[in-house]
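Next, two complexes with chain A in common: one pairs it with chain B, the other with chain C.
Right, the complex of A and B next:
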């Protein structure tokens, strides 16, 4: 556990020195800050626009961090050969991967707290209670934890470009996984229907973690639904990280 | 030629070329044909899928664009796709986004003169947001502007029945019933306001005055109609109002809100009331 914490802390420190992270954070905060001006373009509820833009900023810029920071986490260590120094220490390969993932999760959590906090403050300044947005922000973090797990998985066996493409593909597929349900009703053969079921079950159902629309309109998210969605995302992320550990254990370095 | 000079020349050429090409593009730009932009607006269902979890933001963006589009009064055929934008694309992306329904309805009814289209948008908003009394409320005003008072009353009545709707909505129902000529229904609604414990003193005072005024108007209307019937049957107006009861046209003679009988002039057949004079009608 100590080894994982050490790698995680190191990963976090390294990430927060990265200029790309600051650029993403600055743009995200600018979007949240500028949302009040954008809201002036609307006719009607300005607060809704501020909430929508704010939550989208938390989600989209979090995704950028998960992809751009995550995909180079392992490959950079391999490229610089620092992985050999690290693995020569009493650190198992799986601990290295788990630590990298935990470090990335810390970065994402810091981003969500910072940008999400700015959104809550912006909404509060407009005279509305921002509390209904909190479950949506928490579930955005859960969603990002799943995406980050995939970026670490891809990073553990391929180069950053392919890893980024793979992670974005999983994100897109995850948000469209509901369509397999529709497709299932239209295909004729049992084999095709089974394939639809399998793909729907295997791909991350990221739409299940999306409660932004409810939160923006002040619709209370049932505690059971929230807990089930959070548990689904957490378990899914753990499964992907375990897979990444297995892949990395079997990897041979030249 | 030095390197710096060459770079400067290249930059100047590039800037000049960009400017000329841009000017040509602007010159080639055809005047807006209105609905051309809308032909390629995807269905809301597809936009929702393509938004990858950002459907509310996509709804906001389409709404922003629609505001700009419909603010351009020079566009031809600008009402052709209004229902599609405000009643299909945006609601598919965010069905609880209230403003587009009423803005679209306002554009259709006020600018496009399409009351039915506007009401369809407001009805859709009410269907997707059954707890929002604002949709039938706005639909009621649209019908009022179109002088369709019974329809307006029905919408206000629907709005008033939604939980948390302001109690004052019943007054609008009563007002529309009166405007539509249904005086007895209007009186019944004003009596509802009068006995509503949620109402304040001002509201009760308004209701009391309306009940009094409308009762006189309704009674006078009934009595004048009865006099006319009597005249048609007998060839002459009655000498006294109680002849209307003897003739079986009325079951009883009403009294005015002060408990006094209505006054009748047998020479002209006109029925009047002291109470109505007090009320200034």
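Right, the complex of A and C next:
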């Protein structure tokens, strides 16, 4: 556990000493702050616009961090050969991957707390209770943890560019997983139908973690739905991290 | 006592670009390192030294053969707990300060906060980085990175220290300090296994050496056994004329004197007599024994001849 914590702390430290993170964070906070002005220019409920833009900012800028920090997390260590010294220590390879992932989760959690906190404050300042947004923000973090798991998985065996492409592809497909069900009804061959079934079953159903629209419209999210969605995301992320550990275990560092 | 490192019939090849062809990096290598000795793995660039060290650390899987550290496989965390490692041309997390860097490695070894503080101070002092504790590693010179890497390798007081080319990139003072550090570690009962192509340094510190060439072990043993302790030739510096009847090789020194290289001690007395009779002065006599470099070049030369013949 100590080894995982040490690797996680180092990963967190690396990210918070990178200016790109602050740039992403600044733009995210600017979007949340600016949403008030956008709301003034549009017809309709101003507070709804602030909630909409604010939650989108938490999600999109979190996604940027999950992808851009995550995809080079392992490959950079190999490319710069820092992994040689690290794995010569009493650290099992799975602990290294788990530590890297935990460090990235810490960065994502800090980002969600800061940007999400700014959204809640903005809504509260407009005189409305922001508490209904909290489950949506928590599920955004769960969704980001799934995306981060994929970026660590891809980073453990390929270069950052391919890892970024793969992670974004999974994110997009994860939000369109319902379409495989739809597609299944339209394709003629059995093989294509099986493929649709496999993709539907294997790819993460990220829409299950997206309750932003309900939260913005003030629709209460049932506790059971929330807990089931959070558990689904957490188990999915753990499964992907386990896969990353298996892949990394087999790697050679020539 | 059981060996600290035991390598048996180790073999490793790498696939070529796009999986075409293969390159044999280490071929049937066997050696063992005993507790408390300084063991040098020597060879030219591309000899297979780093690949051997990587197999020793579990970073690369052998195609055949076995490697054990303290009787355990290198992937066993318990075995790695007892070693310290410095890679070749180290590159560390440059966003960390020297103290943060050493603290990370102390944590990985499970040291508690108080223990880490004391050990970091001692290690920093030992490698001569006092006063640079708060400097980020990105501002360190190559030599300073090497020093902080050494501090990392020894701070947890390991029984075995593995160093990959520890002298490369260092100035003469730095090399001397690394040699002294290696000797101090030996005096503390540690085992040191290092790779190098700087033979002078290896000759000064090693108890035993193994010479690798193109992945194959060419020579292994104690330096005294590998190199004859007796003088192989005698060098004589002569001022004034050197009679023509004396054998041996002659070279003109820049100061006008002559360097006479005699094949052995037997030739010395007649040569001295002839020189003094001819009015020359003996300015110096140096018996020369084979150096590690001579041995190294001889073994490499032999390997190249064998290769051509086959």
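By definition in this document, the second predicted complex is superposed on the first by the 254 of 254 C-alpha atoms of A that agree within 3 Å, B and C clash if a C-alpha of one lies under 4 Å from a C-alpha of the other, contacts with A are read in each partner's own complex, and residues count from 1 in each chain.
Assume contacts are C-beta pairs under 8 Å (C-beta built on N, C-alpha and C of every residue); 3 or more make two chains touch, one makes a residue touch a chain.
Quick caveat: nothing in here was measured; it's all calculated off a predicted structure.
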| item | value |
| --- | --- |
| Touching partner for A:252 - first (chain B), second (chain C), both, neither | second |
| Which of chain B and chain C A:13 touches, first, second, both or neither | second |
| Contacts of A:212 with chain B and chain C, given as first, second, both or neither | first |
| Partner chain(s) touched by A:179 [first = chain B, second = chain C, both, neither] | first |
| Which of chain B and chain C A:85 touches, first, second, both or neither | second |
| Touched partner set for A:2, first chain B, second chain C, both or neither | second |
| On chain A, the residue positions that both chain B and chain C contact, one per complex | none |
| Contact set on chain C toward chain A in their complex | 14, 51, 54, 57-61, 77-78, 80-81, 83, 85-87, 90-93, 95-96, 100, 104-105, 107-110, 149, 152, 162 |
| Chain A to chain B touching residues, read off their complex | 38, 41-45, 48-49, 52-53, 55-56, 59-60, 143, 171-172, 175-176, 179, 206-207, 210, 212-213, 216-217, 219 |
| Touching residues (chain side chain A, partner chain C) in the complex | 2-3, 5-7, 9-10, 13-14, 17-18, 80-82, 84-92, 252-254 |
| Sites on chain B touched by chain A in the complex | 49, 52-57, 59-60, 63-64, 67, 94, 96-99, 102-103 |
